[in-house]
Amino acid sequence: MANFQGPILDVHNLCVEYSTGSVNLFSRKRKSAVKNISFQIQTGECFAVFGESGCGKSSIINAILAFVPVTKGLIQFENQNLLHLFSSVPRWIRPQIQPVFQDFHQALNPRRQIGSLFKEIRSIYPDRPDSAELLNRVGLHCDVLHAYPHQLSGGQKQRVGLARALSTNPKMLLLDEPVTSQDLSIAAQILGLLKTLQKERKLTFLLVSHNFSILRLLADQVAIMKDGGFLEINTPGQLIANPQHDYTESILKQSGIR
Amino acid sequence: MNNLHTKSKMGGSLRAGCGILLFILLFILIGRLLTPYDHLSQNLAEALESPSRSHWLGTDHYGRDIFTRLIYGGQLTWIIAIFATLIAIVIGTLVGLFTAWWGGWFDLIVMRLVDVALAFPRIFIVLLVIGLGGSSIELLIWLLALFSWMETARIVRAEVSTHKNFAYVKAARASGLGTNRILFRHIFPNIAGPVIVSAILLITNIILVESSLSFLGLGVQPPFASWGTILNEGKIDPLGNWWISVPAGVCILVTVAGFNLIGDGLRDLFDPYRLN
Amino acid sequence: MTFRNSLRLHWYYIPLIFFLVFFSCQNKNQHQIQQTALYPPTEQTEDGGTLVVGIRTEPETLNPLFALSQSARNVLGLIFGRLADINADLETFSPGIAKSWEVSSEKRQIVFHLHQNIHWHDGRPLTAEDVVFTYQMHIHPVIAWDGISYKQNISDVTAPDDSTVIFKFHHSNHTMLLDAVEGYILPKHILQQYPPEKLYTAGFNRRPIGSGPFIFVEWQDLQHIRLAKNESYFKATKPHLDCVIFRIVPDNFNLLNQLKSGEADMVEGIHPKNFLAIQKSWEAGRSAIRPISYLGRRYDFIGWNLIDPQSYAEAVAAGATRASIDSLIRPNKLFGNQKVRVALTMAIDRQAIMNSVNFGMAVPLHGPVPPILPSYNADANIVWEYNPGKSLDWLAELGWKDHDGDKILDRDGEPFQFEILTESGNLHWEQVATIVQAQLAEIGIRTTLRFLEPALLYGKRLPNREFDAVIIGWTVGLTPDYAPLFHSDYFFTPFHFNGYYSPEFDRLDALAKSAPTKAAAQRYYDKIARLLSRELPYTWLYYRMECSAIHSRFKNIIFDKRGLYVNLEDWWIPQSERLKIDRIFEN
Amino acid sequence: MLSVFLRRILSLLPTLLIGITLSFIIIHLAPGDPANRFLNPNQTPEMQSSIRERFGLDRSLPVQYGRWLKNVIFHLDFGYSFYSGKSSRAVIAVALKSTAILSFWALVFALIAGISLGILAALKQNRFIDYFCNNLMIFFLSIPGFWLGLMLIGIFSIQLSWLPGAHLQSLYHHQLGPGARFWDLAGHLILPVITLGLPLAATFFKYIRSNMIETLNSDYILAAKARGVNRSKILWKYALKNSLLPIISLLGIVIPALLSGAVIVEVLFALPGVGRTMVTAVYSRDYPVLMAAVTFGFIAVLLCNLLADICYRIVDPRIQHSPGEIS
């Protein structure tokens, strides 16, 4: 497993739909959130999806984590079809892909101490690293273990979230707007931390954001997403230099890059 | 500014409610130390005596001391109300948790059934009580619970559907925690507030429904009594023998009011916005 | 107890059916036996006025073919007429629709001569055809009239002309007249429009047309039924009242309230506690509500299950007949023994129960014969006085002692305990049961009470003999018939629920029924009373007084064991005492 | 909107059917046989079977159900009451009439009392009048209904003789003039309406008061105040409108509960309503009447919920149905 060759994540023709309106027997109006998306992520790479809110970028993460049913398509993680395994949740795959959510007040359970999160995970995966070590790694003191989320600052919460994600020893992190709600200095710190971690642990990132400036610091590949579909995929440099779509261009202008 | 006032006042109602209930609980738990009588022993010669020094609240048709009956009746009322509420809350919570969690067709079908249960005429309690051969205490508890879990299920379902999409739940799912663990250890503590409030309101409701069942002659069976049955026993001559029904009515009134006060206070305490 | 009262009345009618009951409103004053007139009948009466009767349950129907409840029967008696009405002596009859009759034992027939000026309320004349039609309806299998047993001895009814009806019988016996006149005469010209199977839902049931002293006017569902004076009633100058209204008030408390506030003039079946209060204020001159109490028709008892329920179920499943009772049915392990029943009876202080539950409005009863009947003989009964000490001795003789010191009697390690059933919602019986439980507990017998809804109690537990002891009551009819309760012919019927079986009783019953004279029959009735009060298939508790109240402005009221409606057509109100309500419905 | 409405109605049908079927089964499986009412020791087997045939009880349960459902769907015929021989539909219709009158006035009373006191309490928050109203309402919420009714009858009908304690109208109602008829009806309605309406008023009061306080403290009201908008305009136009919204959904629950009959009030005050009819039907095992009432009850609950839902949507377009799972 360790020497797995080829793309770690292969998404092919992914479609996700939601039913809208009241849920009842006779009406099932459906709204499509993700339309026919395909991409591949190589091990150790950072793949970023850029899109404005509501374009469906979070749905990709939800689809990979099997939080929403996939209408059509294929998601393969190390050649294992995640969609087939969905019905019987593959416990051995779960810890390998971990999400990190933007810091919002629901990112951590408000009624539980931080320490209990790690304890719980270690109770399932006993061979995983110690919580104190993890917290140290993300730059937090062990005291945090006895704190409740509301006693932490935004940056601390975000680090805790990161530590929690790392606690299962994942191969891949799904970063959903990881630094949006922080001010710039903290965002920079966290981004730096992510970068070092990526190198240290050979992590693969799938990063989702509506902030191009952040994407560009981390991403190896960027997909521009609009209305549920990808407009173009390219390296950040190429995109800036040679945008294929007017939309891309307007984004770059808004971000002040062009 | 106004908000602050409300809070402090509601805190007051919480305190008042707790005080009242504590008093009532003390009354029904250690009140028997105050009375030399037994709640079941009859003394036909002393039947229907008005309140006096030997019988503080008079006697009933069988010469039993009403004060003593109130103490034991209170115990039964509380037992019925609390157990029925607990059962209803457990059923409602489980149904709410799992329907919201699994969603889809399961949710659809179960919620339809909840709709049916909610639409069921309450009079069916009567039908079931008499149909199942009279009212034992266990039967009363189960039936009262059976007709009261739906509101809780709806509340829990709504809360869980919200929490289900919160990042902390997603993170927990992603780290491979089991469904039960997530539902009971992670989500439930966060929605316990509304559940407790609904439980308090259920208790008040169940006490009142139990007393109206007594009105229909379907309450606790003699020689035992709940406050509802004592209240009902005074109905032959409610004006002449007021001492039978008035104290029982006051007990019900005060208890239910106490719970209502606590419910009001707690609702404020568990204000969903307070979490944010 | 609100609408549960309906059920009490509702279930009381069952025994009515087989005790041969008669109600009559058209009784003459000349029969003064056992009746009390509140005011001596006077020559000058004044017409007009309204009577409002407060009742707890709505009559289910006003078709005499289907009416079962007492409230319906009371209303029907005012709207319809019979061929003849039984008198207070319970033996003779007064003319009704028939002005005279000839009974001929040899020819096994009765010839009735009808009044010729009787009209239905819609104006059509009542003829012999109607009487024949009524008989046909009574015996129609689809209708399943509940009084059909009266008509079983009748072979044919014919009408040679408009005013003559001939009843022919299979056998000649002393109940021929009784059998012939039972049932209200129905209007053929209306009912023949409906096929018999549709009669149950006919509009007639809600808007009856009869020939009685009052005409049906309106029926407001669950509110009231209003009747008006029949101006062309065949008995001239009657009735005196303009209007009779039955107001339905299900809640006892409110019903009494109606009586006090003058919204109702008459209420029956008042709780003794409330009755005493009414009596007190009447005697103090504070109220115009006159209390009326009289020995009614109800007694309460504890019925013991004499047989083993399981063996009964097995025997029924095996299709047992009367002949196989002895071999298939085992006696009940507790109450199968007469000594146990006697001991239990002696352990119950019936006088205390009577005082406490009925507030004295009852008389003691020790045997099967109701005190209102001519055949009642107080000395015939064996009286088991309250004596808990003796009761314990008797039980000890049988091995029931408190061996283990837990204050409960036991034998062979088995505690003496059983379940007492009664009807839920019946305050009287619930109270009796509660007291009986406490009294039995005093001598160390543990009982559990179970209050069952009537449908369950009478429809399932008693007919299937699934009970230990039951506290209920019977309403007695005006002619004695103990066979349905105790005769082995009825062993497998629902009403013979306690499984009493005694060849001696069967013999005495047959002898009493075939006795040539009343005096001869009396001997056997005394023997029956002696036998049953010794054997104690029931523990008779008490015989109830009926407690009613009526506004004092009504004069010339006669009430006796036949009820309070005996002569309603003779009631009248002096002008000086009239109230507002009396003028509202003036004709 | 109409198509939404129709679709929602269609989607209620399965609920309705499940409910009715379940009720049918429960009612018919409850021990006790309606034919027992006619028991009589001299009854022959033929008579017994004729009675059972009269009521269709000779058929198996599924056949009875099929027949019943067919008659209901195609002829709106709920069968004839076993007890009185009346058409069950007519029995319920009559009962419904007085229940509707009682419910309507109880609702009007509760709305007026609850809303006006609720507003008053919210405006005078934390003053004496607020505490007083609050505690009064808790009192009304906590008192057992039949005890309240008994006391009202005892005081106003017996001791003071001010008001009649039973029935919807006097015996001489039909002889009165139109104006007097109204007063007659009103007099009879006061006590039951108060008994039924007080707990309701308390419920409304609580909702209105807390919503009103919340709205009055919300940003946009504060902003409007700051802009110097007229105080009464703020109160009536903004605050009240928003506070009344939850009442709509509350009505969706309260109205059907009222319509399925307030047994105790109806028994106590001798009103010919649905609740009393149903209890009588339960005791006499009058299946057709019971089923008619239950069917009506189900339809009332479902329709009222639906209507409340739709009204809510019309009044407050912000409400969107969340599909449950959205990213």
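Note that the chains are named A, B, C and D in the order they appear, and that numbering of residues resets to 1 at the start of each chain.
In the analysis below, a residue touches a chain if its C-beta (ideal position, glycine included) is under 8 Å from a C-beta of that chain, and two chains touch if they have at least 3 such contacts.
A quick note: this is a predicted structure, and the numbers were derived from the prediction, not measured.
Any chain bridging chain B and chain C, meaning touching each of them, is among D; the list is complete. The greatest centre-to-centre distance from chain C, using averaged C-alpha positions, is reached by A.
We define each chain's centre as the mean of its Cα atoms; on that basis chain A and chain D are separated by 52 Å.
In this assembly, the C-alpha centroid of chain C lies 39 Å from the C-alpha centroid of chain D. Mean C-alpha positions place chain B and chain D at a centre distance of 22 Å. Chain A and chain C have CA centres that are 85 Å apart. The set of chain A residues touching two or more other chains comprises 23-25, 62, 67. Across the assembly, chain D contributes residues 14, 31-32, 150, 158, 279, 283, 324-327 that each touch 2 or more other chains. Those residues of chain B in touch with two or more other chains are numbered 107, 130-131, 133, 215-216, 235, 238. Those residues of chain B whose C-beta lies close enough to touch chain A in the complex are 107-108, 163, 166-168, 170-177, 181, 185-186, 189-190, 275-276. Those residues of chain C that touch chain D in the shared complex are 2-4, 6-7, 10, 14, 17-18, 52, 60-61, 63, 66, 68, 141-144, 146, 148-149, 152, 197, 200-202, 205-206, 220-224, 226, 245, 247-251, 253-254, 257-258, 260-261, 263, 453-456, 458-460, 484, 490, 493-496, 581, 584-585.
Those residues of chain A lying in contact with chain B across their complex are 23-25, 62, 65, 67, 89, 91, 94-95, 97-99, 101-102, 104-112, 120-121, 124-125, 161, 164-165, 167-168, 176.
Those residues of chain B that touch chain C in the complex are listed here as 40-42, 44, 47, 61-62, 130-131, 133-134, 215-218, 221-223, 235-238, 240. By the touch rule above, chain B contacts chain D in their complex via residues 2-3, 5-6, 9, 13, 100, 103, 107, 112-113, 115-116, 118-124, 126-128, 130-131, 133, 161, 164-165, 204, 208, 211-212, 215-216, 228, 231, 235, 238-239, 245, 249, 252-257, 260-261, 264.
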